[in-house]
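See the structures that follow.
Okay, so chain A shows up in both of these, paired with chain B first and chain C after.
Let's turn to the complex of A and B:
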C-alpha cells in the first residue's frame, strides 16, 4: 500500500470499517434492545413464571447453538442437529424406562449425540462428502430412525411410575447451570486452545490450514464430536423438561440453531472472526423476541413473519463487511 | 463423427440411461414375484405412482436449478404452500377451472420466486441464510392469511381435474420440454451453464450474473408452484405449516436428483432427473407392495442417498486406487517372470 493511500484512509472514514464495527456490535445492541422491550412488556416486573419459561426455552437452544458454532467456524452448516437431538431423547427415554437411571440416561444421550456427530464427521472428513448435503441426507436417516424407534406411535414417554426422579431435574437453575458450564468449556476450547485456533484457520482458508500441517480430518472429527456432545446434553435437558419425544421433536430445532447463530453475529463464512458467544447471544435474542411477540398478543403465523423480517434485517446489516463483486454461492457437489 | 457412429452412440447412451429405472423395475418385480404379491398392490396404484413422479420431478427441477448453480433454497417448500393457499383462494373466489387455476399457480409462484430472488440479489449473502428468512416469512404469511386453516377445494369439482393420468402426463411432458429447451437452446441456458462451470470467468467476461440468478429464482418459484398445484388438486386441501416444516418436502427431492446426477452422464440433465424420479417411485412402490412400512422405506431411501453421495464424492478416488492396484499387480507379475 502506498504512503498516499495510507494517509487517505487514515484521514477519511472507511465505510467498510464502520460497517464492520456495526456488525460486531449489532448482536449485543440487539440483545440489549430486546431485553428493554421484554422488560417493558412485563411492566418492568417479570414474574418467576416469565423467567422460568424463558430459561426453559433458551437452555436447549443455547447449548446446541454453542456447540454448533464449532461447525460454523469451519464455514459449514449442519442441519441434522435437531433431529439428532430427537433421536438422543428417544434412546435416552428408552434407556431410562429400561432401568438405566438418570445417570445412565444422561450417558446414553451424550453417547448417542456424539456418535451421530462422529458418523457425520467420518462421512465428511474420510469420505469427503460435502458437509451441508451430507447433513441433509443424515437428517433423512435420523428422521426415519426416530419414526422406527417410535414404532408407529405418536410419542414415547417416561414410564409414569418412574417419572419422579426426572421431575426433580425439571429445574430452571439446573438448566442455567448446564448452559453456563458448557459455555465456559466451549469458551476456553474455542478461544484459548490450539483446537479453537485451528478451527478458525481451517474455516478461513482450508488450503493454508492444510499447508501449515493442520489435519483436516482430525479437526473435523473433533469439531463434530463437540457439537455432538452439545446435542446429547440438550437432549438430556429436553427429557427433563418434557419427559417425552414425538416425531416432531427437533424438526425445527436444527433450523432454530442455525438462525440463532446468525442472529448472534457469527460470520457467515466462518473463519478468524468466528465468535463462541454467537450461539448464546443469538439464542437469548430469539427466545426473548418470541416471548415479546407472544406477550403482545401476536398470533403464531404473524409472529413468524415478524421474526423472519427481523432475521433478514439483521443478516442484511451483518452482511455489509462481506460484500463481494460476485454473488454468493457454494460448491454443493 | 459419421452418422452411423452418432446413432450407435445415441442408442448406447439411451440404453445406459434407461438401464437404471429398468433394472430397478426388474429387481422390484422379481422381489414382488418371490414374495407372491403384485407390484401394483392398490387400486389406482398407477395414478398414485404418476403423482409421486410428477411431485418429485417438479421439486427436483427447482432444487436442481439452484443446486447446480451453487445455491440451496430452503424456501421452495414454503413457496409451494403459499402459492397453494393464495392461488386456491383466488380460484375459489373467482370461479376458475383447473386450467386457469394452473396458470394462477404459475404466476403466483413466479412472483414469490421473484421476491426471493430480489432479496438474494439485494443481500448477496449465502442463499441458505436468505432463504431461511424467506421460508419463515412465507410460512407465516400462509398461516396468517388463512388463519391457520390453509385452503380446501375438495367441494369444488371444477378445480379437481388436474391430477388425472392424462393431465399429469401432459404436465410432466410440458415441464420436461420447457426445462430442456430453456436450458439448452436459450441465452439464459447458455449463461446459466457458463456461470455453473466458471462463475468468475463468466462474470469477468461481462455476463450478467444477477439477471441470470433472478430468472432462476422466478423459474424455481413457478416450478414449485406446480408442486403446490398437484398437491392441492390431488388431495383437495393445502394445510398451512409453520416452524420450517415445509422444508422437508424439498429434501425429499434430493434422492431423485442424485440418481439423476448419475444418469446425467449418458443423457440430458432434465431427462436424467425425470428418470431419477421414476426410479425412486419404482423403489417406493415395490417396497410398499412387499409390506415395507413408510418409515422403513424412508430409511432405505435415505441410506441409498448417502450411498450415491459417497459414490459421487469418491468414484474417482476408487477408480484411481483400482488402477494403482492393477499397475502394482502387473509390476509384481513382470518382476516374478
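Let's turn to the complex of A and C:
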C-alpha cells in the first residue's frame, strides 16, 4: 500500500487522490459519454456511412497522436507535426506523379516523415534546444519548404490520369488496418520494451534518467523517429483521402493531435503516468465530439466554445496533482 | 488532506463551468425568424462551408441565411468550421455535413477534394460567393453533383480594380500605393490577380509605365512589378500580401512599414478588403488622410470605414448575394438541376455582379435595399425561380436571375 493511500485511509478522503482517480477515469468516461451522445444523435441507428466516416476521420489523427505520445511522454510536444505531414504528403504526391507507384509513394512519405523527425531530434538532443520552441521554428521552416515545393501554385494534386490506384486506397478497412497495426507496435514498444520504460523515466526527470545511464540523445532520436514514422503513415492516408496538398494542409491536424492526446488522458508533464492509449482514446473522443456538434446543428462559433471549454476542463483535471507530485528539479541538483 | 491549494483548485473547475453556463444557454438555436415563411415547402437541409469564421463578409452571409432564408424558404442550414485552404479539413467538413443530413452544400471555398467528396456522397455542391480558378473548375466541372459557381465573373473582378483606379486618378490622386493582397503569396487567387490587373491597366492608361516583376523579386505566386511615373505625373509604390491575416501572411506588417516609411501617400488602391487594417498601419508610420477603395463587401465594417472617411470607393458583394446559390441548391434537391447546370451537363459559371458605392450616401442607399427584414434577394424574388413553384423556369431565366444587378433588384422591389 502506498504512502498516499495510507494517508487517505487514515485521515479521510484526500482530494488529490480523488482527483487522481478522476484523471485516470475521465478519458474513458468521457469517451463512453460521447459514444452515448453519438448514438442518440444517430437515433441509435448509425449507418455504414456513419461508421465509414468515423474511421476515415479518426485514422490519421489516431496514428499521429499515438506516435506523438512518445514525444509527449518526454514532457515535450512537437508542434510541427501537422506541417511535417503536409511536406510528406507533398513529396509523396510528387514521387507518385513521377511514376514511383503506390509503394514508392508510401516509402517516400515514411522516409520524409522520419527524416523530419530525425532533424528535430538532432536539434533537440545534440544542441539541447527546448523541443516546443525548436519545433515552432521548424514549423516555419517546413511551411516555407512546402510553399517552395508547391512552386507558387494553390495546390498539388495527383495527376488525373493516375488517380484510380489512389482512389482504391481510400478504404476504411485499410485505414483501420493501419491504425491497429501501428497501435499494436507502439503498445509493445511503449509498455513492454526498455525503450518505452526509458522514455517514461526521461519524461519524469531527465537528470535522474541521465544518472541511471540512459542516453538522452539516443532516446530522443528514437522517440522522434517513431513519431516521424507516424507522420509518414498519416501522410500516406491523407493522400489516399484527398489526393492533394495545399499550403495549409495539416495546419488543423497538428493542433487536433495535441488536443487529442490531452483529451486521451496524457499527463501534461509526461513521465511515468504516460499512456500509449491516450492517442487513440483522445482521437476517438475528438472526432466523435466534432461529429456530434455538427449533427446537432451547433453553429461554428459555439462549436468551438464547447470544444474549448471541454479542453480546459480536461486540462484542469489532468494538471490537478502533477505539479505537487513532481520532484523539484532545481532543488535536486 | 484538504490543503488550501487543493480546495482552491477543486472549486475552480465548477466555478469555471458555471461561468460558462450562460454560453451554453446561448447556444440554443432559438432564433427570431421572419414572418411569412413557406411552411408548406419541403424542408431542405443545406450545409455551408465558409471561407472564414470571422470575416465580416462571411458573417453577413451567415446572418442572411440563418435569419432570413431559413424561415422564408424552409431551409435548415448547418455550418462547419472554415477549412481555409486545408483540403483535408474541407473533406472532413463535407463528411460531417453529410452525417448531419445535408442534401447539398453551399461552399464558399474552392477545394477540389471537397467537391469530389460531396459528389461521392451524393450531395449537390455549388461554389457561392466567387469563382473557382480555371484549373479547379476543369477538375470538377463534369461531376454529376457539381452545380457550378455563382458570383462575380473574372471580368467583374477586373472591372472592380479598373474602375477604382480610374475613379481616384480622375479625382486628383498623385501619390499612390497599390495593395496587391494575395499576389505574391502562396495562395494565388484569380480574383485578386484580376483586380490588380484592372488597377494596373487603369494606371497605364493614365500614363504610368509598368514593369513585370523579375523572378528574383517574386516571393511566390504571381508577384507585383514596379510602376514608373511615365507621363502620368503619378508616384506609385506597390506592396504585396494581406493586412490583418497574420496566419496567412505573418510578415506583412514589417514589409508594409518598410515599404511606406519616409513616403507620403494620398491614395491606397486596394485589390481586396482591409482598409481599416491598412489605415492603422499607415497611422503607425505617421501617414494620415490617405483615401482608399476596397474590393470586398457591403458590411458594417465597410460602413464604419466610410463613416471614418477612410473608405471612399467600394466594390463588393452584399449579404443577400448568396440567395441565388441557395435557390440553385433547392432546385437541384427538387430534381431540377438542369436549370442550374450548363446545357452540356457540366457545372455552370453563373455571373452575380458586384455592387458599387462611391460615397457613404450611396453605400447606405444600397444597404437599404438589402435590409435584414427584406433583403435584395427576398422570398418573393427567389420563389419566382424555384421550379417546384414555377415550372416555367428555364436555364436562361435562371441565369438572368443570378445576374440581377442593383438597378434590376431595385426595380423589382418597387
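Assume the second predicted complex is superposed on the first by the 311 of 333 C-alpha atoms of A that agree within 3 Å, B and C clash if a C-alpha of one lies under 4 Å from a C-alpha of the other, contacts with A are read in each partner's own complex, and residues count from 1 in each chain.
Criterion: a residue touches a chain if its C-beta (ideal position, glycine included) is under 8 Å from a C-beta of that chain, and two chains touch if they have at least 3 such contacts.
Just so you know, these numbers come straight off a predicted model, no measurement behind them.
The superposed arrangement places chain B and chain C in clashing positions on chain A. Of the two partner chains, chain C is the only one that A:297 touches; chain B does not reach it. By the touch criterion defined above, A:40 reaches neither chain B nor chain C.
In the superposed model, A:98 makes contact with neither chain B nor chain C. Shared-chain residue A:147: touches chain B and chain C both.
Once the two complexes are overlaid on the shared chain, A:50 sits against chain C while remaining clear of chain B.
Once chain A of one complex is fitted onto chain A of the other, the partner contacts of A:246 are limited to chain C, with no touch recorded for chain B. When the shared chain is aligned, no partner comes close enough to touch A:25: not chain B, not chain C. In the superposed pair of complexes, A:309 makes contact with chain B and with chain C alike. Contacts of A:217 after superposition: neither chain B nor chain C is touched.
In the superposed three-chain arrangement, chain C is struck by just one stretch of chain B from 152-160, 188-196, 206-214 or 260-268, namely 152-160. In the superposition on chain A, the residues of chain A contacted by chain B and by chain C overlap at 147-148, 152, 251-252, 299-306, 309, 312, 316, 324.
Only residues 77, 123, 127-130, 132-134, 136-141, 143-145, 147-148, 152, 251-252, 255, 258-259, 262, 268-269, 299-309, 311-312, 315-316, 319, 322-333 of chain A touch chain B when the two sit together in their complex. For chain C in complex with chain A, the residues that touch the partner chain are 1-3, 5-7, 9-10, 12-13, 16-17, 20, 23-24, 26-27, 29, 50, 53, 62, 66, 76, 78-92, 95-101, 111-113, 116-117, 121, 133, 135-136, 139, 186-188, 218, 220-222. Residues of chain A that touch chain C in their complex: 7, 11-12, 14-16, 19, 49-50, 53, 56-57, 60, 147-148, 150-155, 157, 160, 238, 241-253, 290-291, 294-295, 297-306, 309, 312-313, 316-317, 320, 324.
Of all residues in chain B, only 67-72, 74, 119-130, 132-137, 139-144, 147-148, 199-200, 203, 209-210, 213, 240, 242-245, 247-248, 251-252, 254, 261, 293-296, 298-299, 301-303, 305-306, 309-310, 312-314, 317 touch chain A in the complex they form.
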